[in-house]
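These notes open a run of structures that come right after.
Two complexes are shown next, each including chain A; its partner changes from chain B in the first to chain C in the second.
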Partner chain A sequence: MYSYLIRRFLTSILVLFGVSVLVFSIIHLVPGDAVTAILGRQKVSAERVIELRAQLGLNDPIPVQYGRYLSNALRGDLGESIRNYVPVSEAIAEQLPSTIALAFSALTIALVLGFILGLAAALNYGSWFDTTIMGVSVSGMSVPTFWLGLLLIMLFSVRLKWFPSISNSNSFSDLFLPALTLALPESAVVARMVRASMLDVLGKEYVTVARAKGLPEHGVVLKHALRNALIPIVTFVGLQMAYLLGGSAIVETMFARQGIGRLAVDAISNRDYPMVQGVVLVVAVIYVVINTFTDITYTFLNPKIRLK
Partner chain B sequence: MRMKTRAAFLLSLLILVSLLLSACGAAAPAASPALPEASAAATTSDGVLTIGLGSEPETLDPGDAVYVQEQFVLISLFDALLSMAPDATLHPGLALSWAANDEYTEFTFSLREDVTFHDGTPFTAEAVKASFDHIVSDAVLESGGKTLLVDHQYTATEVVDDYTAVVKFAAPYPTFLRDAARQWLSISSPTALETYGTEYGRNPVGTGPFRFVQWDAQSQVVLERNPDYAWAPEFASHQGPALLDQVIFRFLPEAATRVTAFETGEILVASEPPALDAIALSEAGEGVLETFAQPGIPAIMMINTEKAPTDDVNVRKAMILSLNQEEFVQTAFQQLGLPSYSVLSPTTWSFDEDAANLYRHNAEEAARLLADSGWTDSDGDGILDKDGEKLTIDYITSPIWEEAFNELLAGYLTQAGFDVQMRAMDDAGIAAEGAAGNYNMLYIYWTRADPSPLRILFHSDNIDGGAAYTRFRNAELDSALADGDTQTDEAAREQDYVTAQRIIMENALVLPMFTVNTSYLNAPAVQNFSFDVEGYPWIYDIAVSQ
Partner chain C sequence: MSAKPTSLAAPAPASRMVRGASPSARLVRRTLRNRGAQIGAVILLVLIAASLGAPLLTSHDPNAIDPTATLQPPSREHPMGTDHIGRDVLTRFLYGGQLSLRVGLIAIALGATIGVTLGLIAGYYGGWLDAASSWVTDVLLSFPDILLALAIIAVLGPGIVNAMLAIGIAFIPSFMRLTRGNVLAIREMGYVEAARAIGTPDPQILIKHILPNALRTLLVLLTLGIGSAILAGAALSFLGLGAQPPTPEWGAMLNAGQKFIRQAWWLTLFPGLGIFLTVLAINLIGDALSDAVAGATPAYSNKAT
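Then we have the complex of A and B:
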């Protein structure tokens, strides 16, 4: 058990090291000169380009630049935006709560909806209800977020006037539409997974045995089947949480919400390299931490894994 | 067991339905406080103007600003030494009178004595010095104002007395008075510059009709009326404090979101709305569409005169004649665009009618010119060729800026027998290929009330390492452009630019497409909407009706 945990932690650190190298390289991977990339089509003299290079510390050997970057990053200093001089870590800290609120709300809606629909479909396997739910969920997964979001705005903001189309805070009314937009496709995936997983487990011998012992059906479903059906879903939720944190850019942009997804989009279009590096690094760290955490949760749900 | 599954199903269904119902039930009261507010703003005046902008400023330090989205806000926060009326005439601003020496290297300004900054600091010549010195200092990495001052070798601002300042340059700068009216060179509070240091861009303090309240990153900038404002430019339609209590700039990057927010009343002004929606809403009486044709270099293709086949003037002329500008603009921008036929847009000072009348869409003439140069369709594939070479146009594009029209433009050229090869790349790629001369055409536009950018784009000194992307060398053009930059006689300067426009168009150096328009969709409650000289909303005079 402990050796598994230690191994898992070491792998995570290795991954984080790899991530830091990649993130550091972003600025050196752009075609042409980094300074030209930053300036874009602004027209400046050659002397100014040289000045700018020096100011950004691009004249040092690459390993020196990387060392400086890593040691600063470890101290929580991700540099300053080259556009507005705001410290990158400050900008991220300002935007992260908004993204977390959105991701949690979306995940909650997705899980509640997905579980209800998936369970209902599994328990009515083969019926018209099952077929309908699965049909709808396929279209749910295929709907592009930006289109779904527009439809929801059209319905709930423009026609019904229930919710604002601009999401400015973490209040219920501001969060509802963006969270629903993110959640609906996710809930379709959850429903399908819950259904498949439940069907698999419900066919297992121990479920038949439980039933044969005369346990009430809800006991069989909730206590014996569901717990085992949860394992693949926990993995999925872990990955999804990380995905929602990093992948909310479209929804944040559409609803003009604050958040790190939009921060990244803006930074990319402004060629604000320190900001892009910072956001990518933070999202990557979140991914790694959540994945590690998921793997550990997993071992508690299924002892077979920790024994291996 | 069968019964039990059915029961479970019904139970799940029940939970689902009740969940949905509770969601709806809970939603209405929770949301209702937000909505009366939003819809009330559309019909009654609480003196708040909410403007939806497509992008967020990077800074509100005028000296550090580069982008369009910054000017929207700066115009209300700051005043400059001079002010420029919508007809491009100069008027007093923070300076009541001004004079230049004969060489246009020293400019003396007599300042107003009744002005205070939003932080209470009195406005004096020290503020002028502090603002300009700040722009050229290391605190500003790269900005519009810095380019203007450094290019003309700003040396110092001399404080003669409290209300007299002399701004000095090492190089002649005849357009300085016009530039001194621009937001980039507007005057900041010296106290605030010192207090905030590098944070000044997030804590701007000016003398303008509105003062800064707050900036929520990726959300909004809020300004409120400056009750002490008593120094509005003489061309404004009222004097004294602004009419609005508050101005809120909301950053709504999605055009579709700006339109829905406009429809729900969450914003009263939507900038750059999608053409079709804007036209539909204004025709339905739900909005008023305001457009402004920007002065300066319109949207043009710079044609490379060094790379085959566009090194042949006939080929370049045929490219211009192949494009039906009117139809092109109608298709791409509906009535929100204007066709363009020259290297300057008609609202620019020194615009020359004759240069703009040289070409109008003419497919036969284009075909004849190409045939004269030996281009024929020998294999019947619709693409012209000569000596086994196709008539290929290498077009490097930025999909971010050019998606609205590049396929359409390529369509016109293809119809005329050109083989258009589009290469999409980012700005850095375009800059690199542009510097290497590796293209046949390249897109550019430049908003400016004065034609002076022509020198940067066409003087042969700027071919290598600069932005003279047509790579055309002509002594007469060079001397006209160089003279235009330093000429102090207005009539002679105008003649320089007329000469330049003619040479550029006669040699078919550019393919003009359309005048860049800014457009705004205003709620009917928005009163006295007007534009400043560069097409930014002049918020000082705006009111929201009862």
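Then we have the complex of A and C:
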């Protein structure tokens, strides 16, 4: 098992290295010249162009630039915004808590809702209830987040006036609509997962044995089935966190909410490459770290791997 | 031809001959027996027919401005109302559908072609080539969902063509990984070995013997991928990074309509409904296809026994 853990860590470090190379390349892959793209149609002096090139460190050989980028990034220095001259790491540190609050609220709603629906569907397998839940969940997976959010705004802000359509704090009423928007399509996926996993486990021999022993049904479901059904779902939750971080770009823009998703979208529109690189790097690193920990948790949960 | 000896020994081809249908025809038939797939196919056909027949169904121009009829609710003249500069929403909806479908199809065609080719090569040849490309796939897959497309847009700049490219590129790793996994199993099959033994050139083995057998599972990703690509394209346009005004596109229409959400519900309802129904139809078909593929014994496993 330890050799597995070490291998897993090494893989993650290799992937992180690749991520850093890719993020570093963003500015170099811009068709033509990044400085020309940044300045757009602005008329600027030749000195400004030279200054910007120097500021972005574009005059050195590529490997030197990458070495500097990596060593700076490892020390937490992600460069400076070329639009408002704020250090990128500061801007991200300022916006990240808002996105994390959103992602966690959404994940909580999605898991609670998904679990209840998935479990109820599995225990009533084949009934009209099951069919309905599964039908609703296919729709939930197909609904565009941005449309769902607008519909929720129309219902809860414009009609009922219960929640604001602009979210600028982490209070319950400000978080509710954005979190629900992100969570509903997710809960559909969770419900499908829980249902499939429960149905799989309920057909296993040890569940039949537990029933044959005369264990009450809720005991069978809670103690024997649900615990084992949870294993594949753990892996899934890790991946969902990443989806939520990515989906925050849309929801934050729509609700005019602070956060790194909106920071990224604004930076792309402004051609603020250091900012884009910073956000992409941070999100990808968070994702890789979550994935690694998910895999390790999975190892501990699954006795087949743990006891090897 | 080279696979003849093995296929004679296998039980499956015999029953295939009796039923007189190709495996792909049977797959389609099994998929369409599913109620969800039937509903999905009908929705999709109506949407495709409506968007392709847009010039016949509406006499308006998608970009014709009418200052005397702005923000009008749905009426006989404008069944989906008009927007803030008096353009007919139904007309823009129909033309927008054309664009959304095109974005999905082109992006997936791009992603699948490159991804499948790389997956075939990596899986078949193995070695350092496989190790290197698997590493690249791992790296690309560590950018969650829309973030990879956003990063590519950051490089290429906003616009609908760039959005298509970005989504297509973002799909390469998924196609590559799935193909590679399939090829690893298929390349050990007797019929591939037989083909190699009689000196069939590698490209021919890959295209004639391996690809057709990997196609079933790829078909599921291909179908569901078109749905995701349409969603991603609309999302990028909604963020202002895809289709630019005045191009009629569902995501861009939602973006423009958001400002009038208090006065004009029809600007939000209809374009979103278009995206939702299209993706729902594709997901229903994809789900049924996935069940049909899972229900059928993979072509390579019964030859392994």
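In the analysis below, the second predicted complex is superposed on the first by the 300 of 308 C-alpha atoms of A that agree within 3 Å, B and C clash if a C-alpha of one lies under 4 Å from a C-alpha of the other, contacts with A are read in each partner's own complex, and residues count from 1 in each chain.
One rule holds for everything that comes next: a contact is a pair of C-beta atoms (placed from the backbone, for glycine too) under 8 Å apart; a residue touches a chain by one contact, two chains touch by 3 or more.
All values derive from a computational prediction rather than experimental measurement.
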item: Superposed partners chain B and chain C on chain A - clash or fit; value: clash
item: Chain B versus chain C as contact partner of A:Leu215, first or second or both or neither; value: neither
item: Which superposed partner A:Val112 touches (first chain B, second chain C, both, neither); value: first
item: First (chain B), second (chain C), both or neither touched by A:Ile82; value: first
item: Contacts of A:Gln258 with chain B and chain C, given as first, second, both or neither; value: first
item: Which superposed partner A:Ser269 touches (first chain B, second chain C, both, neither); value: both
item: Contacts of A:Val158 with chain B and chain C, given as first, second, both or neither; value: both
item: Touching partner for A:Val138 - first (chain B), second (chain C), both, neither; value: second
item: First, second, both or neither for A:Ile231, with chain B first and chain C second; value: neither
item: Contacts of A:Leu22 with chain B and chain C, given as first, second, both or neither; value: second
item: Touch count on chain A, higher of chain B and chain C; value: B
item: Segment of chain B that clashes with chain C, given the candidates 24-32, 186-194 or 402-410; value: 402-410
item: Chain C-contacting residues of chain A that also contact chain B; value: 30-31, 37, 150, 153-154, 158, 165, 253-254, 265, 269, 271
item: Interface residues, chain B side, partner chain A - complex; value: 1, 4-6, 8-9, 12-13, 15-16, 19, 26-28, 30-31, 34-35, 38-39, 55-56, 58-59, 66, 141-142, 147, 150, 198-199, 201-202, 216-220, 250-254, 256-257, 260-261, 263-264, 266-267, 400, 425-432, 456, 465-467
item: Chain A - residues contacting chain C, complex; value: 11, 14-15, 18-19, 22-23, 26, 29-31, 37, 138-139, 141-147, 150-151, 153-154, 158, 165, 242-243, 245-247, 249-250, 253-254, 264-265, 267-269, 271, 273, 276, 280, 283-284, 287-288, 291
item: Chain C residues touching chain A - in the complex, by the definition given at the top; value: 36, 135-136, 138-140, 142-147, 150-151, 153-158, 227, 231, 234-235, 238-241, 251, 254, 257-258, 261-262, 265, 268-269, 271-273, 275-276, 279-280, 282-284, 287
item: Sites on chain A touched by chain B in the complex; value: 30-33, 36-37, 39-44, 46, 48, 52, 55, 82-86, 91, 94-95, 112, 116-117, 119-120, 123-124, 127, 129, 150, 153-154, 157-158, 161-166, 168, 171-174, 176, 211, 217-218, 221, 253-259, 262-263, 265-266, 269-271
